[in-house]
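Take a look at the structures listed below.
Note that chain A is present in both complexes that follow, paired respectively with chain B and with chain C.
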Partner chain A sequence: MSADHESTYVPKSAFERWMDARLPIIRMGADYAALPTPRNLNYWWTFGGILFLMLVIQIITGIILAMHYVPHVDHAFASVERIMRDVNYGWLVRYVHANGASMFFLAVYIHMLRGLYYGSYKAPREMIWILGVIIFLLMMATGFLGYTLPWGQMSFHGAVVITNLLGAIPVIGPGILTWIQGGFAVDQPTLNRFFSLHYLLPFVIFGVVVLHLWALHTAGQGNPVGIMIPKERLKQDTVPFHPYYTVKDGFAILLFLLLFATFVFFNPNAMGHADNYIPANPLVTPAHIVPEWYFLPFYAMLRAIPDKFGGVVVMFGAIFVLFLLPWLDTSKVRSMRYRPAMRWFFIIFVVVALGLGWCGAKLPDEMVFSLGEGSNGQPIGMNYLWLTRILTFYYFAYFLIIMPLLGLRETPLPVPDTIAAPVLDHDDAAKVPAQ
Partner chain B sequence: MAHEGDPNDPNRRDFIHIAAGAAAVGAAAAAAWPLIDQMNPAADTLALASIEVDLSKVQEGQQIVVKWRGKPLFVRYRTPKEIAEAKAVPLADLKDPQPDSARVKPGHEQFLIVVGSCTHLGCVPTFGTGEYGGWFCPCHGSAYDTSGRIRKGPAPLNLQVPEYSFLSDTRVKVG
Partner chain C sequence: MKLSKTLIAGLASVLCLTAGGAALAAGGAEHPRDVDFSFEGPFGTFDQAQLQRGYRVYKEVCASCHSMELLSFRDLGMKGGPFWDPRWPNPNDNLFVKAIAAEFEIADIDSESGDAITRPGTSADRFPNPYANDVAAAASNGGAVPPDLSVMAKARHGGADYIYSLLVGYVRPPAGLTVGAGQYYNKYFGGDLTSAWSGDPHHVPKGGFIAMPAPITTEGQVTYDDGTRATVDQMSRDVAAFIAWASEPKQTERKQTGLAVMIYLALFSVLTFFSYKRLWKNVGH
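Showing the complex of A and B:
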């Protein structure tokens, strides 16, 4: 559970002893298996393992796809169709990779909300959280770059819109835009470098994941009760990672793979867009251009701001505010189990985030509800633009207003002093008031 | 100096540290520049940057779309009514004020040549739609008038008029 966990590994064979004196890699594995882990982790804690598996799946299927894909504007679309029709099991590898991206984001959003609810970002775990936000940013970049590669209509015009966001930066924007695109428009140089970077970034993610785990094992895992496990209770309150959590994570992985397989085998294009099966045409933009579902909340925020650069700032701000989260939350209680008021704001936050995603898929002028028509024939009521603005306000208020103020004003419930207490005795003997 | 030649003289040591550090930073920046600049448009990309367009192919009231620098270029043969509409708009009504005369060549007012890339985020506006009769961008709802000027929606600027010149009455060179 923490760095002071002492190695209990004893080399058994002559080979293990030889190896242990030269490269103690077996010791590293054995120490990981014996890692004392809080005994009360629930299924929300299994998404870390699921995410690691998803990263490995994406890297393996991606390397295979790169063996058949051609990063050229004249051949990219056809090479993807060749993978689908002619390459042995190409359809399977591509559908796993394409749906894998969606499943990866689904898991990462659950993982992040877990951290948000149980206060996993609070001292001493700030670095784990910050590295996690960096991984999230890298994932978004990788997902965007990968979506460009099939060179369909959505690929192409998505790349145009997203690269043009950089052009909104005052003064240096146009120069950066030409630099990123490698020309005056999204074209061959853009596709070629996007392929190169899409191949690179997953390995960068892998590297940051190693740091994420290093920070995790240094600061120690959190748990649903949100208390630090005192050294003298290490024996009672923790269990070895293997077999307890390898089995629990394994079971969760099986369930997750069931969902994944349902998409791959029964509805592989459910999360895609039909327009992306039309080859890219720089002269015509699809009538309704939307990003992949996992970008919709941020896309909605981009459109909600009437100013071009302002929209870009708000969209990126929605992610960068997460870096400050450990210092914006003023409460000393980690888990929202013991913060009844905060729990309500959290539930609203989840609904708001989903609502932003819903708004991102709609046209801004579409009506949420209509109360009839005004004298000029325009409908009266609320359109998605205004709903998005309200939801965007709550998104930022949650981090910048509610979190700092509520942490100072609320009265948390008594926090148990051991993680066994809430399970083993239901009288209040083992509980002490928080703060 | 009193301590000249003294190996413990802090000033000399500081100087050599700073000089060496500055040289290392300068060398790293010089080495990084080619790695960064290689992503800028290559010579062949820049070489493709101008085209000639035959205007006799455009019918009055229509436009043709040609590819220029990887983007669509709208070449529109405007009707007298469209020209009159474009000229009648008071400059105060415009988000990016520009008279129609500044967007066409004198004597060739019927031909409007603009880059067909929305100034918001680069989608391709559709011809003849939107409430101002020019173009309408399907991505985020920007509407342009018959002079290609932004009239409504999130786009900040008018459709860009590229650098071009008339080679003859029916031929232009763009770029």
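Showing the complex of A and C:
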């Protein structure tokens, strides 16, 4: 809401006045704390804060790990195990970092689905959304690079599979592949540069997060009702970010940390692969190369297309279509609370995305169900390849067909004029707005 | 994790409407037997006597072919380790550890002459590798390099359960299965036996061929100091527990820290929740 938000900060001490005339950084902090925030934000809105915390945790643990890690094909695996065994609390730092990546992705997926459901990408918030998709892309790159560093079997063969995708690009592909790998195969130069990039990208993410927040504070936060708060209602409909949302976000963060701690301390390898505790061996390919869970939906799409380059295009297309989202959605209404038809398509979309993840963990030839056997002894029924294709079709249809068409044809429910109306509907009407 | 796996397996088997598809899918391995190890669960800890017996089995049976390169002798005397003794908080001083290390001859270089020599091991030395290099290891084992056991319990699905199951899983191959020279049938070992199977193609036996002959075969193969009867089953359990410890020596510390962290976070969230309730009491939202 800061488009309408004028600074209320008054420097109190001589030092503050001195600073305010030179570098108004205290004013910036004070304005952020006082930011008028819609008072009807639900818990789905707490994931932004959770994500910021996760980024900070990943950067701090990562810096410590980098002090002990050796980016060399002969020493990387053993140096990671040395962190686990001999570095003081190294096991804690490493498990926080490894599980932190999973928790980071869990939070970002929820954050994105929240944006999708409540139309957070619509005008005037297109830039917030686009910067968010850029952050997501950078996170995927960083997650992949980080997973290669322990130089286990899955690290190595995952790196081979993913870098070779680039080789599928016509004409320039093979050249790019050699350039990225730093040679003709995944080897020492690849590991060395992956380490360098894995250290760099989180700081790039941090920079884009600053832009993401800047855009957020310029266009203002959305809210579950999805209407803009008119200037004259600013006082009734908003509360200052601090202490109202610092406490609410704080509570959500603590619950999230409880889940995080359950993995770190009691099941730290649940989201990893046993094969990655086998040192990388280029001559032995694991029976079943699978990426980390957060890449599985995209991995499934990659394998669903019979042509390698086609698969790469579809996989990246699944992310790039998100950039166009603000213009693909033709509905005038932001929140799906008032779009009953769209809400069903959204629920199906979530199921489809989870289904794609499930397919990504299966072999394409495995049967989803079989109805018997053909004369050649092959089962008749549906295998995961075809299930993936159907789900992939829905994924794209949701954005490219359903969203543009339904927005023009549907009849949304009446949208309230103020965010106070629905709040007072389900809440004690006697409650007075803040201040 | 275990629960969700069971759930997924359950769902998958419901989805397989007829047995046709399932049976034709490559045999795969038998699911490891579930052993009730003391270190399982959020409060589980290692049984020190079992770790000592397990080390003995490792040393007398496994170590003749398998390396354990990530372990040093001092690790045996660390807190929670097989030979931990509070008298020696620094495991390097632990007399048991020193004695164990001294049983090994370690390759070194003479600091005066630079000649290659061997000397008795010290607490700081790593477990020596039985082979000079992988080529030598392969040459002595029919072409297969015995894998390093340092993180074996984390490197296989099923962990200690799998290691135990594999050790007791050398059963007589079913009639109709052709076992090649230098190969052994083990029902818990992964693989696809279709090509070696002459029986009903719908009932390919589970399991695979492993290059390691059954290492633990007879009762009393290892003599235990604590009077425990050294049955094949007992020795297999003990060595599986030892390898589980070696794969993650800090796991007891991890779980104990975790308990404190969970209690702290739970209390903190309760406090924060009530602060939130109080702060928002008069704000409709």
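Quick notes
Simple rule for what comes next: the second predicted complex is superposed on the first by the 424 of 435 C-alpha atoms of A that agree within 3 Å, B and C clash if a C-alpha of one lies under 4 Å from a C-alpha of the other, contacts with A are read in each partner's own complex, and residues count from 1 in each chain.
Here, contacts are C-beta pairs under 8 Å (C-beta built on N, C-alpha and C of every residue); 3 or more make two chains touch, one makes a residue touch a chain.
Keep in mind that this is a model prediction, so the values were computed, not measured.
Aligning the two structures on chain A places chain B and chain C next to each other without any clash. In the overlay built on the shared chain, the residue A:Pro404 is in contact with neither chain B nor chain C. Legend: residue contacts after superposition of the two complexes on their common chain; A:Asn267 is shown touching chain C, with no touch to chain B.
In the superposition on chain A, contact of A:Arg39 is made with chain C only, not with chain B. Of the two partner chains placed around the shared chain by superposition, neither chain B nor chain C is touched by A:Gly317. For the three-chain arrangement built by superposition, the Cα-centre angle with chain A at its corner and chain B and chain C at its ends equals 70°, in steps of 10. Of the two partner chains placed by the overlay, chain B and chain C both lie in contact with A:Ala287. In the superposition on chain A, A:Trp179 makes contact with chain B only, not with chain C.
Between chain B and chain C, the minimal CA-CA distance in the chain A superposition rounds to 9 Å.
Residue overlap on chain A between the chain B contacts of one complex and the chain C contacts of the other covers 287.
Residues 157, 160-161, 163-165, 167, 178-180, 182-187, 189, 193, 282-289, 303, 306, 308, 311, 363-365 of chain A touch chain B in their complex. Every residue of chain B that touches chain A in the complex is listed here, in rising order: 36, 39-42, 45, 49, 65, 67, 69-72, 116-117, 120-124, 137-141, 154-156.
Every residue of chain A that touches chain C in the complex is listed here, in rising order: 39-41, 78, 81-82, 84-85, 91-92, 95, 239, 243-244, 247-248, 250-251, 254-255, 257-258, 261-262, 264-270, 274-275, 277-279, 287, 366-373, 377-379, 381, 420, 423-424, 427-428, 431-434.
Put simply, chain C touches chain A in their complex at residues 1, 15-18, 20-22, 24-25, 42, 69-70, 75, 147-148, 150-151, 154-157, 190, 201, 247-250, 253-255, 257-259, 261-262, 265-266, 268-269, 272-273, 275-276, 279-280, 282-285.
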